[in-house]
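First chain A sits with chain B, and in the next complex the same chain sits with chain C.
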Partner chain A sequence: MRMQLLKAAQECTRCLMKKAQLKTGETIIVLIIFFILLAGGMVFYAKIQTYTSVKKVEEVQELNAIAIEQRIRHMSEISCTIDGSVIFDCYDIMKVEALQETIEDYKSYYGTVIFPNSRVVITSVYPDNEEVVLYDYGYSDESVAVEPFRTPVTLYNPRDDTYNFGYITIGVYS
Partner chain B sequence: MKRGQIEIMGLMIIVVILALLLLFVVKVVFTAKQTDYTQNYETNKLVESFVNTLFQTTSGCTGDVTIQELLIDCARQPYSGGSITCNDGRMACNYANETIAVILEDTIDTWGYESAGYEFIAVAPPNVEVVYYSSGNLSSSLSGEVEPFTLRLYPSTQDLYVYLCIGGCGFR
Partner chain C sequence: MFSNKSQIDVQFNWIFILIVGAIILSFFVGVAVWYKGTQEQKIAADIVTKLDSLFMTAKESPKTARYTEIPQVELSFTCSATDCSDYGCPSYFSGGGISMSTETEALFTMRNLHGTNIITWSLEWDMPYKIANFLYLTNDAVRYVFVYDEDHKSAAHSAGALLAENSYITKETINIDTEEFSLIDKHDDFVRIVAFLDKGSLSEAKVTSYLGEREAGREHWDIIYIDGTAEAGTVVYEDGEVIYAGLPLLMGAIFSADSEFYSCNLQKTALQSEFVSNVYLKRTKELYNYFTLEDTERLYCSYYLGDDVQNAIENIASGLKSGEIDYDYVTELEENNAYAVIKSCPRVY
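== the complex of A and B ==
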């Protein structure tokens, strides 16, 4: 009788051990799944952050290009005038050429205040094809830029008193 | 229900909730249509500046006749092709059409508007299209700018309407 009781107790202990082992295994599997999900979530979050920060940089570059365009629009150095009245969105080619020389003399001012990190090109399309680089910050080949901002402008040529169709290209780099 | 079945159901509910959350995040972050103010500004500015600049441009037809003057002359006599004969023998309507096409090909066509497409139309009274140019896929609509630029045909009270529609005007 005593032997029988001892045997039953031994079997019960073995059974409990098995149950506990199973429980531990279950907990480990749950923890592994939890950490896999956590790692996946972190990777996903990092990807989203990278995506949004790239978008943000592009947006800032676009806004800077618009700001530069607004500055150029109101530059009295190059605007066309008839009897003292300014013609909107019109630039005098000879004044542009003169401004190029001024920019060379005051490069730090124009490079930091007026055209920061940018490349500004004025292109004449019709009737003459001509291109004038108004400002280039110098590292445009190595830098990254969003799609440049382009706006059509009239280019007045006082030599033969003609108005050319042209456009300004503003590329902002980071 | 057995205990095991209930546990599996609970697990499935959690998985479904997680999947829905993931879908929501992906939709909000990647596919949400943001109001692109810079793109809107760029498109509106392009249309306005393009047409205004075009009007002021010296055509090269004869003397210092501008494209605006050519268009007005063409709109006054659309059926005869205008009254101005250019130095190369072309009439005002023909010259304006070809010059505008050249300018558009050298500018907007090269600026990445192929996917959105665009139309340039000048409509003279009573309802004659004196200039028409289109490019790209017109089925899409970007800004849908269909407000015309008006040129008064003095001394009459009629107007010439000029449209530059990014994405297409939708008249045809």
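== the complex of A and C ==
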């Protein structure tokens, strides 16, 4: 009888230990699954972030093009003036030519502060067809550019007091 | 033995749960803290970026004053006159730990602006051709008190009339020859007393009696003395004396925190004037050659583009760089332009 009782107690202890081991195992499995899900989520988040940052770079390039366009629009150096009063969206072609030379003298300033990583071209379309590259940062084949930004302008020639229609093209590269 | 083993097992389970729970909890707390910090930085960056575009817009709209409500953020402005280079002067504005460079922009303001609003104002600076637009920043917690006597009436009236175009600025005017000098303490963040008087003639003790003692490092008022005309003159700050040419620069001096801040922005402007003058000089020379060599039927136009005019442009640029501005060259170019128009010749500017 005593032996039987002892055997039953031993069986019960083993059974309890098995149960506890099972519980711990369950918890560990739950944790593993939890961390797998967490890692999956993190990988997914990182992928989304990479995609977003690529889009962001494009957006920044577009914004830079707009910022450069704004800067050019308000540049005291090239705008048409009548006794100092600025005529908006009009550029004096002789000032543009003079600025081309000035840029050569102050390349680091214009290249860094005014036209960073960009190519600025002023094109006259009517009545004369002419193209002036105001600034070109010298992009390489690997450089990536967004769609160039174009804005219509009037070009004034003080030599014969005439106006041309044209546009400015701003390309920003990374 | 059975009881002991099961007790240990239960205790182990609880300890295990507690440790894992703590790890999970600390992970999420960490993520939350990191996210909060990032978001705070993002908000501050957003405010500063929006302010930057607000400043840019304001700058390109001369003679337009704007009052803008902003979140409660302390804006700090720095500009180092001693470290200027060929690119400009190292200068920044910052809010909430995020800063933005204003290396090439002429921006006149106090070093710190507190409050929930900002007043932007811009003026075009012509010498006589347009060199740059100046941006002035302040808020309604800064009060400007113009004090003048009959001897300095002309400059005071010109500056006062120009400043009156900005209806958002808190401004008072006192003519000490016709009325008693007195001030009311309105608990402004800062009171700038703009004295069109002889240097040091305004009693500081009297100002102290109205506005209270100044604490070192946290001054809430100061006096600047202006001596000159609307065209040119000098401004005396507590930390030094500077020069101005034209009302836009005088306004710059009135809005600037101190002589270093003003000088720093003046240097940025001088750099800008160098580029602009360079373009005007090259264009003038090119036009001169065109009329003397190609369009000889209008050879007379070269008279308005000759050496005198070219020298005037050179002298304006060099004068701004050296700080010795001669307004006669500006007048010379203005007159030259007027005559060129009469003769149907291209204007210099």
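In this section, the second predicted complex is superposed on the first by the 119 of 174 C-alpha atoms of A that agree within 3 Å, B and C clash if a C-alpha of one lies under 4 Å from a C-alpha of the other, contacts with A are read in each partner's own complex, and residues count from 1 in each chain.
Keep this in mind: a contact is a pair of C-beta atoms (placed from the backbone, for glycine too) under 8 Å apart; a residue touches a chain by one contact, two chains touch by 3 or more.
Note that the coordinates shown come from a computational prediction; the quantities given were computed from them, not determined experimentally.
Enquirer: In the overlay, answer first, second, both or neither for which of chain B and chain C A:I78 touches.
Expert: Second partner only, chain C.
Enquirer: Name the contact category of A:S108: first (chain B only), second (chain C only), both, or neither.
Expert: second
Enquirer: Looking at A:A145 after the superposition, I want to know if it touches chain B, chain C, both of them or none. Which is it: first, second, both, neither?
Expert: In the superposition, A:A145 contacts neither chain B nor chain C.
Enquirer: For chain A, which side has the bigger count of touched residues, chain B or chain C?
Expert: Per-residue touch count on chain A favours C.
Enquirer: With the two complexes superposed on chain A, say which partner A:D161 touches: chain B (first), chain C (second), both, or neither.
Expert: A:D161 contacts both chain B and chain C.
Enquirer: Classify the contacts of A:L63 with the two partner chains as first (chain B alone), second (chain C alone), both, or neither.
Expert: So A:L63 only meets chain B here.
Enquirer: Applying the document's definition of touch, where does A:V121 land relative to chain B and chain C: first, second, both, or neither?
Expert: In the superposition, A:V121 contacts neither chain B nor chain C.
Enquirer: Could you list which residues of chain A make contact with chain B in one structure and with chain C in the other?
Expert: Looking at chain A, the two contact sets intersect at 161.
Enquirer: Which part of chain B faces chain A closely enough to touch in the complex?
Expert: The touching residues are 18, 22, 25, 29-30, 38, 41-42, 45-46, 49-50, 52-54, 56-58, 60, 64, 66, 99, 102-103, 106-107, 111-112.
Enquirer: Which residues of chain A touch chain B in the complex?
Expert: Residues 37, 44, 48, 51-52, 59, 62-63, 66, 87-90, 125-127, 147, 149-154, 161-167 of chain A touch chain B in their complex.
Enquirer: Which part of chain A faces chain C closely enough to touch in the complex?
Expert: Per the touch definition, chain A meets chain C at residues 9, 12-13, 16-17, 20, 23-24, 27, 31, 34, 70, 73-74, 76-79, 81-84, 86, 92, 94-95, 97-99, 101-102, 105-106, 108-109, 112-113, 158-159, 161.
Enquirer: What does chain C use to touch chain A in their complex?
Expert: On the chain C side, the touching residues are 1-2, 5-6, 9, 12-13, 16-17, 20, 24, 56, 60, 86-88, 103-104, 126, 128-133, 272, 275-276, 278-283, 286-287, 290, 295, 334, 337, 346-347, 349.
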